[in-house]
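Next come two complexes built around chain A: one with chain B, the other with chain C.
Moving on, here comes the complex of A and B:
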């Protein structure tokens, strides 16, 4: 009885979590006429209320065709998102893995204090660094460039924090044994650290991807030229008048994130959980 | 033998540390210095920038809203996600599917859901229609104090799965034998929860709170994308304020505001860290 009862709130929860996807998917498959009829009350002052069907009555791929074939600016934005995300992930990957390994298995002085410093930085919201980021980019003449945005994001301490937890779980005895056998620092890292912490690296990448694919604050503040904008900035500017394009564009922006989510769900969960495990 | 390895590992941290110092810490300390100066003339200003920030009504509203938002959201999220985790924990089937569904909002970019927000919370939108159907009073949700609760809902929607997975990690760390022993002694469902589950989850609580606060800063994305620079007063957050200061080039206020905020978070992290360790 108890088991049956608790399925009801769970079902409601699942519905709330998944509905936005159904909404976007259904909307993107509607024709122009149908979508306008559904959203009439929201778009103008026609009175009444908007309604939205579960499935389009006359499904068509017209909106996808239009946005993919007839709007070159959409491609530019999509490509901008890809470039920014790839740049940030590559940088975080490079610096983050090394730092996480150093923090997890190093024995240098002030290690704990430095790590606390990283955690502290991790907790700061964007606006704390808004002015200093601006002055930095201004000084480096990197305002309004993708390089500037990438530079601001690659030293984010969050992936270091996640990967640190995984590297920490690599057995210390293994590391010690390798060192005793005369392995160099680099060899220990390469042959023991990397394989042992690989799931941590993937977890951090999945979390970072989801984060940076919808990055908003930095591009919004530091990118003036519209042609440099990522999708996350461009999408909300498509008004409801152009609902058809907005739906299709939203779904296309969603697809890479969903693919990463589905492919990396186990790592995503591991990454989330890593933070909860006490040392 | 140990001696030989003193200082080892620092080389790994060095590139990242240099980056963090050069591109984050040093520029920030420059901002701290600037917060005591007049931006226009570059002369010493003492605490006048801070006085200006604290007496600014927009700052008071934004700081108040941000604090209220944290105070409402974090406990609500912690309780709801714990409930979801407990509901999921006892299930034998479909756990993976349910988890995927509940985690799914994490993958949805803010820019994509904004469309739904606009259609859902418009005065004549889907929510209005539903309320009308149920003979309940509607509202222009985004332009009334309801806007704050929409923000709360959006935060819960996005982060429930994240926190639920964290709680599940905590739950799976509790040995089953504890429950078996308690049941053998005649403990009921509630007693098990009260005297075994809750105390054992306490260490997770601190971590989960910290991460929930961290994620709460990102709710600005939805708020900004759906409502723009000047949303309803009840959802005007510190990030909105800083954006507007940035647009007006109010360097003095931004510098002092950033230092105040960093100070508050610094204290909070140190306090939580105490509890964490």
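Moving on, here comes the complex of A and C:
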């Protein structure tokens, strides 16, 4: 009984968390007129408060049909998002793992100080590096290209930090034993590091996916051509006239994130825990 | 659900999105308006005014026949072409003969009447002369008689006076002698009375003379007086002349055996006669004179007036007759009497080009000055009284550079059926106007060039 009573505040919390999704799903099934009527207060000049019903009065899949069959620009952005996210994840997989392994098990001088500086960078908000990033990309002639965005994001310290925690947990004795047995650095990394830190790698990639799928600042700053914009910039460009499309687009944009989340839920939890545990 | 299943779902989702990408692109390419563009060009606008009209006669000639002739036969119908000498009508010869004899009788009668009047006039004049002579004679006689009576009265008076004087002379002598006076007075009285009577007779004689002369003079004057004018004889002479003219005409008609022939080469446009009826004052046959050519009368809207002017060259053609004549001239442009919103264009046609009643098309072309910005007319649109064109623009969109239609207000200076001339500077030289679109377009509509 006590357990059941304890569930009540949790249920309320769940409802609060899930409500935006319900709101989104209901909105995506509303007709143009109905959604405009609901949002006119905030998106038009009518004043007052927006109201939002739980269920649409006249449910319709028109918004989905419009988005999926009649909005090629949505797909351009969708595939831009896919391209950016995939590029960043691949890059992070390539460079982040090695960096994290190096920091965790490397034996070079100033390793700890370097790592601390590196992690310090993680604390810096995007605005701090915006100008330097811009100048860098300009120097490399990578402004207004996907490559530029990918290049900047590949070297994000956050996944390195996550993976570092997992690599760090690989027993040092195991590494030493392998080295004594004559294993090279690469063999140690390949046969001991990678299997040992796989869950960290995956959790870092899942977290990165969720972050870069909704990447907003970098594309907004470094991409001028609209044709290079990712999906995260589609929604801010939608007005009251296309509000119902915004809801449907949001639901569709949500699907890969939800699938990736569900697929990597375990790793995600581990990664979050790893980030939370003090060294 | 397992991780693998989720990943599979993610894969399926991406495949679904790929399919939708292709579908949405195809759908967009189908819904995007395919347009044809044209560049503004420098040209002069030619205004062609075409109108279909009917060929009409240049001049109508009436074939006149005296009223009252009986028509026995009509040899033509409306629309028939006739040559000079062709028989139009046949008059009744017997009726004509009858009329001729009547006319002759009439003339004869008038002639007799005139002769009678001449004779009466002669007698009248003779009578007048006689009266005058008699009046003169009466006057002379009255004067003579008066003079004689007066002279006789004067003699008697003188005699009476002499006797009285004699008496007085006698009396004086006697008194001197005898001195007696009785009985003498009675004699004196008688003598004085005689003088008085003689004097009165003399006065009467003078008065009678004067009166007789006056009467005789009046009678003379009466005989001399002019008689009132009488034009009856002249009128009858005029009647006779008229009758003679009529007779000559009748004889002339009779000589032609009552046939009325066409005087010209022409077409019968109207018949005002029927067999068995008599001719009236109106001309029984109206002929369109073909020798003086014909004219095309075409009607056009008054708004075309600015493109037409007198003497401008026109081309007249008839598809039916397969005839075409260029470089004819507009003879006149007038407002139609039937409909003031129309203009009547008259073009004189050469003889034998077309026939009266034929239908023909008139085409006149007028060239304007050269305009630097001319666009095809179908590129010009109008809404709410404002004229505009859609020019091809480029917009940066999510799909890349996209061609769009951009509304551009223009000031049209002149236009014809093909082109519209815009005011200088309305469009840049390199701007392209959309002249045709597969779908309705509006400001900002995405478009695709035909063939791209």
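The criterion applied here is as follows: the second predicted complex is superposed on the first by the 251 of 279 C-alpha atoms of A that agree within 3 Å, B and C clash if a C-alpha of one lies under 4 Å from a C-alpha of the other, contacts with A are read in each partner's own complex, and residues count from 1 in each chain.
Going forward, a contact is a pair of C-beta atoms (placed from the backbone, for glycine too) under 8 Å apart; a residue touches a chain by one contact, two chains touch by 3 or more.
Keep in mind it's a predicted model, so treat the numbers as computed, not measured.
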Side-by-side fit of chain B and chain C on chain A, or clash: fit
Which of chain B and chain C A:263 touches, first, second, both or neither: second
Partner chain in contact with A:182 - chain B first, chain C second, else both or neither: neither
Partner chain(s) touched by A:225 [first = chain B, second = chain C, both, neither]: second
Chain B versus chain C as contact partner of A:129, first or second or both or neither: first
First, second, both or neither for A:68, with chain B first and chain C second: second
Chain A residues touched - chain C or chain B, whichever exceeds: B
For chain A as apex, the angle formed with chain B and chain C - C-alpha centres, to the nearest 10 degrees: 110
Touched partner set for A:236, first chain B, second chain C, both or neither: first
Contacts of A:77 with chain B and chain C, given as first, second, both or neither: second
Where chain B and chain C come nearest after superposition, their Cα distance in Å: 14
Intersection of chain A interface sets (partners chain B, chain C): 234, 260, 262
Chain A-facing residues of chain B, complex: 1, 5-17, 19-20, 23-25, 27-28, 30-31, 34, 83-84, 87-88, 90-91, 98-116, 118-119, 122, 124-126, 128-129, 132, 157, 160-162, 165-166, 168-170, 203-204, 207-208, 210-211, 213-214, 217, 220-221, 224-226, 238-239, 242-243, 246, 251, 254-255, 257-258, 261-262, 265-266, 268-269, 273
Contact set on chain A toward chain C in their complex: 68-79, 82, 225-227, 229, 234, 255-256, 259-260, 262-264, 266
Contact footprint of chain B on chain A as seen in their complex: 3, 6, 9-10, 13-14, 16-18, 20-21, 23-24, 27, 39, 41-42, 47-52, 95-96, 98-99, 101-103, 105-109, 111, 114, 116, 118-136, 151-152, 154-155, 157, 160, 179-180, 185, 189, 210, 213-214, 216-217, 220-221, 231-236, 240, 243, 246-247, 250-251, 253-254, 257-258, 260-262, 265, 268-269, 272-273, 275-278
In the complex with chain A, residue positions of chain C that touch it: 1, 3, 6-7, 9-10, 13-14, 17, 20-21, 23-25, 27-28, 31, 396-400
